[in-house]
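Should a chain be cited, it is by its letter among A, B, C and D, assigned in written order, with residues numbered from 1 in that chain.
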Amino acid sequence: MKLEEFQAKKLFREYGIPVPDGIMVTTAEEARSAAEKIECPVVVKAQVQAGGRGKAGGVKLVKTPAEAYMAADSILGMDIKSFRVERLLVDPAVSIAGEYYVGITIDRRKKLPVMMASASGGVDIEKVAAETPEKIFFQEINPERGLRSFEAKQLAFQLFTDKRKALATASVMMKLWDCFHGIDASLVEINPLAKLEDGSIIALDAKIVLDDNAMFKHPVMEEMRLPTPSEQKELDARSHGLSYVQLDGDIGCMVNGAGLAMATMDVIKHLGGTPANFLDIGGSSSPEKVIHAMELLVSDSNVKAVFINVFGGITRCDDVASGLVAALREIQTDIPLVVRMTGTNEEEGIRILSDFGITALKDMTEGAREAIRLAGEGGCS
Amino acid sequence: MSILIDKNTRVMVQGLGRDGSFHAEQMKEYGTNIVAGVHPGKGGSSIHGFPVFNTAEDAARETDPECSVIFVPAPFAADAILAGANAGVKLVVAVTEGIPVLDMSKIVIELNELGTCLAGPNCPGLISPDKSKVGIMPGGIFKRGSVGVISRSGTLTYEVVNQLSLAGYGQSTAIGMGGDPVVGMKYNDYLELFEEDRETELVVIVGEIGGTDEQDAASFVKDRISKPVVGYVVGRSAPPGKRMGHAGAIISGADSTVEAKVAFLREKDIPVADTVEQIIDLVGDRLGGRN
Amino acid sequence: MKLEEFQAKKLFREYGIPVPDGIMVTTAEEARSAAEKIECPVVVKAQVQAGGRGKAGGVKLVKTPAEAYMAADSILGMDIKSFRVERLLVDPAVSIAGEYYVGITIDRRKKLPVMMASASGGVDIEKVAAETPEKIFFQEINPERGLRSFEAKQLAFQLFTDKRKALATASVMMKLWDCFHGIDASLVEINPLAKLEDGSIIALDAKIVLDDNAMFKHPVMEEMRLPTPSEQKELDARSHGLSYVQLDGDIGCMVNGAGLAMATMDVIKHLGGTPANFLDIGGSSSPEKVIHAMELLVSDSNVKAVFINVFGGITRCDDVASGLVAALREIQTDIPLVVRMTGTNEEEGIRILSDFGITALKDMTEGAREAIRLAGEGGCS
Amino acid sequence: MSILIDKNTRVMVQGLGRDGSFHAEQMKEYGTNIVAGVHPGKGGSSIHGFPVFNTAEDAARETDPECSVIFVPAPFAADAILAGANAGVKLVVAVTEGIPVLDMSKIVIELNELGTCLAGPNCPGLISPDKSKVGIMPGGIFKRGSVGVISRSGTLTYEVVNQLSLAGYGQSTAIGMGGDPVVGMKYNDYLELFEEDRETELVVIVGEIGGTDEQDAASFVKDRISKPVVGYVVGRSAPPGKRMGHAGAIISGADSTVEAKVAFLREKDIPVADTVEQIIDLVGDRLGGRN
């Protein structure tokens, strides 16, 4: 779960990381009064879960509350990398003397959290990593022990020789770890961590991605979720035990298992078709789940054919078949359907489908080819 | 021969709720040597013919298991893995999906200290056909033979195995290593075991987008593995930055794409299939036709 | 720093450990209204940092607010093991179905915290440990990892076979560890941990000893200190960098270093004298420190002679000598003084004392003997 | 010979405030081979002729110390010990008093993992007379010789050593192991080293009330040490349950009293002195007169 900047800054503040005292607003009028309250100049920043807001015109420095109103008015409703801007953060403008980078994420290979720090902040850090890797310093963190003060100092003294700044930065690093660990994040990032002209250190931007697996420990964080319409669809799907991602193609896919779902999409593409979505109905599928899955697929107007690919393992073919029959009884649709079904209780499943008038195939590639053919026909009709 | 488990392996089942109990029965039917179950509050009872204990320590003291399989729900699964490992088993298979990644990072440290191997979490487990099944794989599609299978996926493993079996290529051991960002053993750990296993003649590795495990495996194969290895990587159609169900399947950098992985594998002289059918062809090229 | 029961229960409550909803009072009238508020029967408990309150009559079960008044009136002012009762805890009375023991302390040999649990609670647990050690179960705790749920369950299932009670107790154990770790305790103890007739688990008594070394992490806990008059003297001494414990003898001792101080007291006793106190002036002693130390010694009316034993290491003999001279100029006292001084800058120190008219000895035993002689004379005069 | 430190031992000093700087100079004067100092913000400077670094890691990379001595104030000392150990030194001497006991418990675990020895905390350090001094002991009273000294105390060690030196019994190495409830090395660890040290002919152990370290040492001596050992235990006059300055000196049980300790030592055939003078007599009985 990705947080927006204002949410991440709120969490940073709770963990003692210095951030500007900004105000989140949703209208131009609110932006004007926020600018009055904070005292200008202020920065008006689009709140979207995407990078490159500045380049897209989503961040504006303004000198008066009236300008804040105008800036907000122009940014709200903007479309940045397919995210519609609905919220703004009005932050006090500051005098920056230097921009740095600090972040923590999980290193999958080392199986450990790792802190990264660089004196080359304020820019695309992945570019820095790719082009001048020597400018990024790493510190592995033993999660049982946490980031230790000496480790943070070692990193910080690589950014600053000045004691006061190094120790202030080390302190921010320690708090950033506390935050990462405390909220079970997958990623926390300060870019830029700014040195101001008065010598203080402050987080000018904030990025947090939470570990969805850990939300059970932090139920209150679930309330921070601000889904876009397409994310809302994915969330609704998840609440029914389905993993769904909408794509641009015309063949709706329903598969049990993420790996098999990707293989199914790949084979559709390999044969010249385009998948309309990723949809994993998971293990131990109940008929209800299949009904919800079917509803999801037919609600996408791009879908011209549906390919259901089930390998019965824990998921029993008869369960999927029953669910499908129930779904098709409930949902009136003209969209042509291809079912491939094999594995646990496959005869039973195929019989149920056959009784309903659907012939199930046993081979995945054959099924994909048939779905592409039907989608092509549908496109012509 | 096979790796990690065979018909003598003494298995303990942690978590005997609906799923755990169902799969314990399935494993038992398959022939797995289940010696104990663990479920707080069910201590002293007996399920499917094996004794149940309140704690893993009690179970281990009484029945001396070598392997434990975890069906405990996510919020309690990290603790159960540690309980199993601290009770002294040498292999923990964590089927549970949804364990927080930081908890897994801590678990990996402790299990390394204890010298306990971990398969998973969020994995279908492993199977040595006709000998032992530890996890949730559908036993019927597996066939005893000489192909080792290592996969990050669940049902895709079944798809691959099913076609291998139908084509006459049985398996020595098949493993779903789990799709989470932090898992216990990875391709390389299993490859090393397959290299030493006399029954295994070839290994199929099934990968997906996200991370760089497949590249690590390719380098390892090039340097250390003498047996033929065949690759297959899925997720070409996955849009960048989108979760594809597996938390691990996030395209986090250029190296994590299917294209990058396939190119790297081929660079290390590992043939890569584009479809499941091609896997069979590539295996056949190396082992000779068997149907 | 030892906490009183009501303080320990407050901390337990903060960490989610179930405790009775009691009220701390300091007068009989307050005890009456507390009993009215809580609803009788209630238990009126003396708050002192000593065990055996029950036997001493410091705990009374009463049925009415009037009885609570009388019980409080009789307990307040009581002397329990030389602690004067100034505070009471009025707790609701409960129906106990079983009494257990859970505690955590540091095992010095293993260098680890260890949790102890026993089904034989509510009694002197040291007696249980000595007489029936098999009734106490131990769980070492790796402090980097904390007590884990599986470890707590393993212990709890040794006390209870019933799942609900075992899991409730395991949960209390986990919280007790969180408390121990969170407040940097040296000891936390629940004796008894009671099983009530309604099946619930509750901490009926609470004992906490805090690690004085860790108080810098928990400055707010310093406010929980409720020193007795003699402890107040020790605390005042500590605020001047002195470690002081008053005893019953007549020879005041001032020594640098705890080990040497104990050796000095031992040699006094060995030669037939009785030390009036333990007083360690520590390392790097400043003249001011010596003045405070001297004031402490002469303020004890039992003191008939003072023996100053200084081995100059970090502590420089000339510093101690200057401090002593300054102290004796400021404090008018007839108490005879024996100084033994050797080590760093000993000539300088001896010269300073000699200029002031004090002859310093170089041998500890000789010094002790002389102090005993002078104390004997003082006793006769 | 001597144990743990000799004149070649490369020493790093962590914490160069007032005390650290003073004792660094004292050590240097004594002949200790100080190669580096560590003090955040003083990196790049030089004190008493040795270079100072901002971090222990920097110091270790540049000067390769084998031993580190900690003068960092209590709130930062636990971190400094870990910094030194993680920088690769094999012996950390923690002079600092007042480190929380739970922090020490964690440190002991990590230092065991790293294979780093720890003397202290809350200790005067150690000295191999005429070779090296790491800590705050007053060098002048020590004399090179064949008696090993292990003590839980500071000034009492000086008292004992002074009388040993005056009586002609020099020391191979003298150690103040620290008075806190949790310390790194204890009597047994040092005894094992003294047993192997060719220069050491006899060991004096100076104990005090609290804990059962002296008993552990006595059993260890009986089982494993061939050299003569002489004991001395102080704190007879300490009232039960009262802190005597050292946090470790709490009479926590019957075993912790001086009487119990002395009885146990004698039971294990270790002669115990009642006064410092008696130590000299007992040493003299075993080594022969030397003045």
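We take it that a contact is a pair of C-beta atoms (placed from the backbone, for glycine too) under 8 Å apart; a residue touches a chain by one contact, two chains touch by 3 or more.
Because the structure is a prediction, the values reported are computed rather than measured.
Chains touching both subunit B and subunit D: A, C.
Looking at A-B and B-C, the interface holding more C-beta pairs in contact is that of A-B.
For the pair subunit A and subunit B, the distance between mean C-alpha positions equals 27 Å.
If each chain is reduced to the centroid of its CA atoms, subunit A and subunit C end up 55 Å from each other. Shared contact sites, meaning residues of subunit D that touch two or more other chains, fall at 106, 110. Contact with two or more other chains is made by residues 144-145 of subunit A.
Arrangement of the chains shown, judged by which pairs touch: an irregular graph that fits none of the line, ring, star or complete shapes. Each chain pair that touches appears in this list: A-B, A-C, A-D, B-C, C-D. The touching residues of subunit A, when paired with subunit B in their complex, are 106, 108-109, 111-113, 126, 142-144, 181, 184, 186, 211-214, 216-217, 243, 245, 247, 255-263, 265-270, 275, 278, 280, 283-284, 311-315, 342-344, 364-365. Contact residues on subunit A toward subunit D in their complex (touch as defined above): 145, 148-150, 153-154, 157, 161, 163-164, 166-167. Those residues of subunit B that touch subunit C in the shared complex are 40-41, 43-44, 54-58, 76, 79-80, 82-83, 86, 106, 110.
Residues of subunit D that touch subunit C in their complex: 19, 74-75, 98-106, 108-110, 124, 136-138, 140-141, 151-159, 162, 179-182, 206, 208-209, 211-213, 216, 234-239, 242-249, 253, 258, 274-277. Interface of subunit A with subunit C (complex): residues 144-145.
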